[in-house]
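Naming follows writing order (A, B and C), and every chain is counted from residue 1.
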């Protein structure tokens, strides 16, 4: 590993560690109740009591950001899980068996991939309404094709290796070949796509909740905090800055980590 | 030419697939749109009358054929929530969104290509390291947040535009372009970082190739080798990437329109989703799909022109 | 015409310095054909690249003299060197596919040297390029002119490379393993072509190869290199028939025999 790569890896790892810590704090206990309104602290600036200040209802922004990170991370984790799970199943079946099923699924895949994921998620939400679970389903579905394509490509490569052909000659069943010989070989490619998947999922979740298609208010979400803060941008720009910077840091962490895993 | 025809045919097939998918997904949603329009207290007779008027009593396949032939003529049906045709409802908004996307694409191309070239030529210098670091950070800024930051800097601090005061291209084209510059920049920023980074990487990779040595052996100057040989080859993967980027830019405009209160397709899409105005949603999705596929087609043809190795 | 004295090339890695060419001397007169043989890593390609002026990477150190028509190529100004490259000294390489720019028409690459070094008009350049393609015995040179490298076969590509190298009538042609990537029959054709060029135009050829038998069919004199050193040099047939060094004997022994000889 050269020096820049090492540096990227260390920074990326520290940031993801920080995000994990924030997620845990968001789950366990935040300094204030993220939904508790304090009339006296409306749009309060930075202070020791409220390090990130307060929003238009006097809610502590730090607490809301922490819960927002938790929300984003849990949703992203579910989205990536759905994408990886169905993507691996689809990609393995189509890549391993090929044939007409492969043709049809990959054509469909291409058609879906032509759509940016936010647009696709908006379609699903247009169909089933907005909310936390709809958002997970919407983004999850939008993520499946890209994972399926990556896995399929890798399975195709592995399937044609000599030793898989040899194992087949010994009479191993398809199931055994897939489970014992192919799936373990997908580890590296899956690891990097999971990290990149998190990067995209955080971006998409924040974008969707910015559009008001995510978690329902008053529960905090980073994207919605940004859109709410926009109304006060002339008087209180800080309310927008903190949630925004947290989103940037999350994406930066995953992209740095993804960069270092990808090429190895 | 043959290649162009084949690609156009594929594009039409893809669009047909999309329209089938879109139409049937929205037709299969449980619930009668006539009821949601009239409210649950409406009498069965009125619901039936409205269903008939909206054409909902016909079989799905017949509705689809009527719809698709309408779409080919440019008629997307009638909006549920607004009492006007979808086409007239959207015609201004399409132009606004396209204008915004075009500007973003132009800004992205005009900045990222020279920037990538510059970074490759200064590769490993302090300036390149600084630019690469900035690039890495900008890549992580979602367009809606960079939009807010641009509003803060250019709208609030420097007062170069009034946030929220969009002027239509009909009343004042220059004013409209001036306003749209900032949302377009917000969409373009992360793309500029990605494209310039990719171009830098491909230039450095191509510089190691053997044909570069041949070019030097003929007595070419460094600049001539770069512009005459390396750059053309380095641009090929960049063109492919930009094709995907254009699709992202078109989708990105939906979000950024919200940041800058630009009345384009994005805003009406969001209000139609909350209002369950299916004909409008269907039309917008199909239109956006059309733009995405069309930009892919253009990029494919460009790519074909740039890289003679691609065969039909 | 060409004189190389005490040529040393050192490559500086981050940690260590490696000397890849040690004290190489060689001399060529107009119309000479000189071969350099050796296995990969023997420094033969490095020597050739140094003569062609293609080793200017900053992590490399060169010492000694390379004098071409009275100009010291190692010390002269870049501008002077560029004037010679492609005009007086041309080079062809091992992999004709990789050595040609994949997105530029073959004809444009053949005439590039003329474009760089002369003021000849476009139409005439094209004419000259087609003539050059004809001279390397390509059928239908007009079609070759308009095609892209990937559309030609390996042998055709190498012929086109030779046409590009010869279009400005250089005094020295450096051929770095020009036949290694080609089929045996085409190898022989390319060697014949080089011979013909040498005879008809008097172009000196520095022929680099790992194949001693090939060198023997083409060259008058040969240098045998190993680990950056010239271990043996002299008349080709002398060395072939009576090698002094163990290494050279090994190279000769490695030449595959005609399968019909074994009986």
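Simple rule for what comes next: contacts are C-beta pairs under 8 Å (C-beta built on N, C-alpha and C of every residue); 3 or more make two chains touch, one makes a residue touch a chain.
Note that the structure is a prediction, hence the values are computed from the model and not measured.
Asker: State the pair of chains with the top count of C-beta pairs in contact.
Answerer: A-B
Asker: Which chain, with its centre taken as the mean C-alpha position, is closest to the global C-alpha centre?
Answerer: Chain nearest the overall C-alpha centroid, as shown: B.
Asker: Could you find the chain whose CA centre sits the greatest distance from that of chain B?
Answerer: So the chain farthest away from chain B turns out to be C.
Asker: Go ahead and note the Å separation of the Cα centroids belonging to chain B and chain C.
Answerer: 51
Asker: Centre to centre, by mean C-alpha position, how many angstrom separate chain A and chain C?
Answerer: It comes to 55 Å between the two C-alpha centres.
Asker: How many angstrom lie between the CA centroids of chain A and chain B, rounded to a whole number?
Answerer: The answer is 22 Å.
Asker: Can you list every residue of chain A that touches 2 or more other chains, as numbers and ranges?
Answerer: none
Asker: Within the complex, which stretch of chain A touches chain B?
Answerer: 108, 110-111, 114-116, 118-119, 122-123, 125-127, 130, 203, 206-207, 210-213, 223, 226-227, 229-230, 233-234, 237, 240, 244, 247-249, 251-252, 255-256
Asker: Across the complex, what residues on chain B touch chain A?
Answerer: Chain B reaches chain A through residues 14, 17-18, 21-22, 25-26, 29, 136-137, 139-142, 144-145, 148-149, 151-152, 156, 163, 247-248, 250-252, 254-255, 258-259, 269-270, 272-273, 281, 285, 288-289, 292-293, 296.
Asker: Could you please specify the touching residues of chain C with respect to chain B in the complex?
Answerer: 52, 54, 82-87, 90-91, 93, 95, 98-104, 112-113, 116-117, 148, 150, 161, 164
Asker: Residue numbers of chain B touching chain C in their complex, please.
Answerer: Against chain C, the touching part of chain B is residues 209-211, 213-221, 224, 229, 232-233, 236, 306-309.
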